[in-house]
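Heads up: the structure comes next, in structure tokens.
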Amino acid sequence: MISFLNDYSEGAHPRVLQRLIDTNMQQETGYGTDTFTTAATAKIKEALDCPQAKICFLTGGTQTNQIVIGSLLKSYQGVIAADSGHISLHESGAIELTGHKVLTVPGQDGKIAAPTLANYLKDFYDDDSRQQMVFPGMVYISYPSEYGTLYSKQELTALAAVCREYHLPLYIDGARLGYGLVSPEADLTIQELAQLADVLYIGGTKIGALCGEAVVFTKNNQPDYFYSFVKQHGALLAKGRLNSLQFLELFTDNLYFEISRHAVQLALQLKQGFLDKGYRLYIDSPTNQQFFIMDNQKVQDLSQQVLFTRWGKYDETQTILRFVTSWATHAEAVEQLLTLI
Amino acid sequence: MISFLNDYSEGAHPRVLQRLIDTNMQQETGYGTDTFTTAATAKIKEALDCPQAKICFLTGGTQTNQIVIGSLLKSYQGVIAADSGHISLHESGAIELTGHKVLTVPGQDGKIAAPTLANYLKDFYDDDSRQQMVFPGMVYISYPSEYGTLYSKQELTALAAVCREYHLPLYIDGARLGYGLVSPEADLTIQELAQLADVLYIGGTKIGALCGEAVVFTKNNQPDYFYSFVKQHGALLAKGRLNSLQFLELFTDNLYFEISRHAVQLALQLKQGFLDKGYRLYIDSPTNQQFFIMDNQKVQDLSQQVLFTRWGKYDETQTILRFVTSWATHAEAVEQLLTLI
Amino acid sequence: MISFLNDYSEGAHPRVLQRLIDTNMQQETGYGTDTFTTAATAKIKEALDCPQAKICFLTGGTQTNQIVIGSLLKSYQGVIAADSGHISLHESGAIELTGHKVLTVPGQDGKIAAPTLANYLKDFYDDDSRQQMVFPGMVYISYPSEYGTLYSKQELTALAAVCREYHLPLYIDGARLGYGLVSPEADLTIQELAQLADVLYIGGTKIGALCGEAVVFTKNNQPDYFYSFVKQHGALLAKGRLNSLQFLELFTDNLYFEISRHAVQLALQLKQGFLDKGYRLYIDSPTNQQFFIMDNQKVQDLSQQVLFTRWGKYDETQTILRFVTSWATHAEAVEQLLTLI
Amino acid sequence: MISFLNDYSEGAHPRVLQRLIDTNMQQETGYGTDTFTTAATAKIKEALDCPQAKICFLTGGTQTNQIVIGSLLKSYQGVIAADSGHISLHESGAIELTGHKVLTVPGQDGKIAAPTLANYLKDFYDDDSRQQMVFPGMVYISYPSEYGTLYSKQELTALAAVCREYHLPLYIDGARLGYGLVSPEADLTIQELAQLADVLYIGGTKIGALCGEAVVFTKNNQPDYFYSFVKQHGALLAKGRLNSLQFLELFTDNLYFEISRHAVQLALQLKQGFLDKGYRLYIDSPTNQQFFIMDNQKVQDLSQQVLFTRWGKYDETQTILRFVTSWATHAEAVEQLLTLI
């Protein structure tokens, strides 16, 4: 069986693993005071050209979203997200657990269009009964989106401008950040992204790490006593080195982007191969997740030899499929898959 | 100025006030252990033909929704409501504050259609990723709805059947319950309603009381230690008599329904008067809230002599207006209004 | 049976009731925007000599503590209270429900001594592991305390000084505020109290109102969007007039203090009577709650004719009793009681 | 510098690291559905002789305590712990964040004595005002305690009996479980411990893993939808393999106990060495944490060559020190230390 199930099926990228091995006996203090945290923070600040950033290493994506959003919102505020946003749908109510509403706006291919946000906010502030409504307190987007799509520089700049106008922090969920930034269709650098965002997280789990996400408050805007907040949420590891060390390696010699580039190249080959064979895209993704429509019978056959995700029913006779690549995907696997379809 | 602003502009219905006067010096024990609570509970159980019901008197509607929903849901569950539901929009995130998501389904004239609910639930249980989603744990509806509309017996029976099928408690927000039950278009009795619901609350604040809502767990399904839960939410009054006594009077000699009937009769006269003068309904409500469309210039003129609510913009030149009647509305006020429009 | 059970056994003081009657048909807007709220706010600001105060009328004491404390603390902070404090013991975990720890310090007769607080804070800030502890965020005291005792001006000034030194708001629970201020042993005026506190609440329920507590942020320090916070906690009444109107009357012609003086005078007569008959005080209270030690057999006899509270076991043969007076207590009842003991 | 700072200064035990290396390329499904989870679960069930146990692998101790306690308590309940308990003092209010009070009882050397618990519970159920108090809902202890001390079989059996009598689940925090079980003073086996507990967690982070704690519901008492609860708390790792795999290795060929034995042997040598040199114990610990009293000047000198923890001030001239051993501690380091003191 060859697998395109997801980008977290294996352990760590060999270089990340090697770094764990090399440093295993090095003694470090706990709870995020280790020297790897200092070094990784410096690397990331440099990569993002954000000298004033504050960085915190957490363990998983839902945890990160919960902590960032929970720490930034006031009690009476909610977070705006696309209706397809991960926090809206697939985090088991982790945001609501912190007492906050996810305020959904209609997404377009997984993205929030600036005019959609502007209208939402205008309507809210025009509404005489807004005192009894949840106040918008920040905006959440994902880059790439849950459908693998990307904001253009123009789109994100426009969205950020609306956020600034209403004094709403813009938070970017970058669980798969690298796969977006290296896409041939991306016209945004990581520095520009950091500039447009108020907070973002750089995903490690899905880009070569065993675990770990790096939260970056880009504008010297990390809430006071953030580490106490993290501890209170059960997210401060005694061996904080585990998360920071992996990021130290990922941001050494561009590994993070190399991994991303490898996966996206294979994903785009895979996409071209499907298109060449006449398959239709369910959504046109330029990153490491690809979505196709396939006849149910063909799906059945293919599933004997390939692992992938049935994303949903397209119609009575066709299914939407998702194929995902990662650092661990071999070019041969893509070729094999293309011969099978 | 004559007022059709809402149904809570005055104090208490004179009979309710008189009861407060008559019993003022009677000594009672606190925190809901008073004899009025016992007596009012008996009256309501009789009126609803629910001998096994458990009843608790609370102070306001948002508080009641928060406590009922918070006490019935498990942590990983949310409450299904129409997108126009009061808990979805106008309670400042009181449900989310308890850690639970409001799962919205599209409403029709403020109501949830049984097939809409059934499809939502079927889709949820068909979804392979539901382990990472918020599980539906109960269904919230309002009777009458936020638009003054009513479920027919058939509609509510169908909805309750879906709830039963999925083992979801059905909770009816009856902030304006009386105005629904006495409407000429209502084909449901309060006993039938109590039978179809698992929990409901009988609104007092908007139907003649100074404050107070009566929560009825109709199926011997009040959560254990419910009073501790109520206390923990700051909702257990030392002078619990205040809420229960008012309900005792409201459920003596049918006062609750008399008040409701008076208001609905005037509302329907008002509606007919508007229709006779050629105004269009925004929504066809058979209860004490009426919604019309009016030219902006006319709205401006009318607002010099009448208090009402601008519900929203209909289009560039017209506004949606809401007029509400109550026990305190005089027939003359309706006549005056009709001459003014 | 004559009753000394508590100070909330009857309805409202006759003058408060009369005001409800007189204003019943007056039309007012909802949710705290009524003219009574404006008028009562002005009266209280004048009485406290706090022109810059912000005042909000809530319904009960636990609700008030929950909302004030919840709105002032940051997530990682807790509230310091005496181990005997109402929020520590008798509010069913209402503070913890908001996510905050009650940090207890040993009380002395229900009060926190300034050196006790200073030591607690010094130890906390000297502790290297404080990053993993709950940060003290405010100080809660009650005046009178749960044992009816009072802080002297000197004691409260010293306590407030410690609070200022550590930038901790000082919050005074005044559920029975009037009974403290009018005590012959009190050397604090309400104006001085307001000056020393950062927030306090003036209790209505236990001093003549049907319900209602007035929260006073004395230093222009009411949190932003406080009304949304109140709504979110289910504490914003549609008929907000109910609470504010009662305070308007209580603060007209000194009624609040008249009621308090009446009760305290009777309580002190009762205390003197017990002492004259040789009973021992459990605690020496100068306010409307009195605590005595009585032989179990005598308690049994007395309970046939008088209602009071068994506060706890003193030893194997004696019980601690609590007797409470209020506006509704008659001088004759005190005399009767004294002849019975 | 030689270090006795804590038991989490290095990475993973070499065998655990090797297992991560060996399995790195193995493809596994996510979120706890991996084959390592299945295998590790089987190993632990066997080791504990608990065929009916349910096991869940989490990442850190505070997270584990928060999730276990939050999932077992009803809203109106709190958790009983010793005043020195980790959840009482050093988890930044993580339990209160879930809405629950930590109900403290006085500890003895970090332990709760059965009669202390029994008295607390008797007093609670004898108290007429308990309806307004937080109900005890479970009991939390740590084994070894925060001071390294151990419950004897008799002590733990008595404590568990009180828990059973009051239907309270007994939860054992085993952050350092192994160090307790292998101590020469321990008279409890892991099977007996599992029998006496209703839930326990086996700590990995402090006993050789990079991260990871194994929660064991020993009595088929894992709450329904526990994984949704875990996800909602941000604690479900995409690469769930990371935690489970490490436990698989730790429970292969007794590695968990070998690691523990190594550390405890060195700790006891260290203790004997200190005693031989005339130092006094602050507390008599039979496990891998040792507490001594030392003159301040000597502390100052020693700190130039050895890393340890200043636990607190003993008196004006002496300090309490903590020395901790682990799998990574060398016998030579203990010898060196003993020559230095």
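The letters A, B, C and D name the chains in turn, as written, and every chain counts its residues from 1.
FYI, contacts are C-beta pairs under 8 Å (C-beta built on N, C-alpha and C of every residue); 3 or more make two chains touch, one makes a residue touch a chain.
Given the structure is predicted, the values throughout are model-derived calculations rather than measurements.
Enquirer: How many links in the shortest chain of touching chains run from chain B to chain C?
Expert: Step count on the best path from chain B to chain C: 1.
Enquirer: Any idea whether B-D or C-D has more C-beta pairs in contact?
Expert: More contacting C-beta pairs are found at C-D.
Enquirer: If you average the Cα atoms per chain, which one ends up farthest from chain B?
Expert: Checked the centroid distances; the maximum from chain B is D.
Enquirer: Using mean C-alpha positions as chain centres, tell me how far chain C is from chain D in Å, no decimals.
Expert: The separation of the two C-alpha centroids amounts to 42 Å.
Enquirer: What is the distance, in whole Å, between the centres of chain A and chain D, each centre taken as the mean of its C-alpha atoms?
Expert: 34
Enquirer: Between chain B and chain D, what is the separation of their C-alpha centroids in Å?
Expert: It comes to 50 Å between the two C-alpha centres.
Enquirer: Show the residues in chain B shared as contacts by 2 or more other chains, in ascending order.
Expert: Each of 75-76, 91-93, 97, 99, 131-132, 228, 231-232 in chain B touches at least two other chains.
Enquirer: Quick check: in the complex, which residue numbers of chain D touch chain C?
Expert: Per the touch definition, chain D meets chain C at residues 75-76, 78, 89-93, 96-102, 128-129, 131-134, 310.
Enquirer: Please name which positions on chain D make contact with chain A in the complex.
Expert: So the residues of chain D in touch with chain A come to 3, 5-6, 8-12, 14, 17, 20-21, 23-30, 59-67, 91-94, 97, 205-206, 210-211, 228, 231-239, 241-242, 328.
Enquirer: Taking the touch rule as given, give the residues of chain C at its contact with chain A in the complex, in rising order.
Expert: 31, 70-71, 74-76, 99, 131-132, 135, 224-225, 227-229, 231-232
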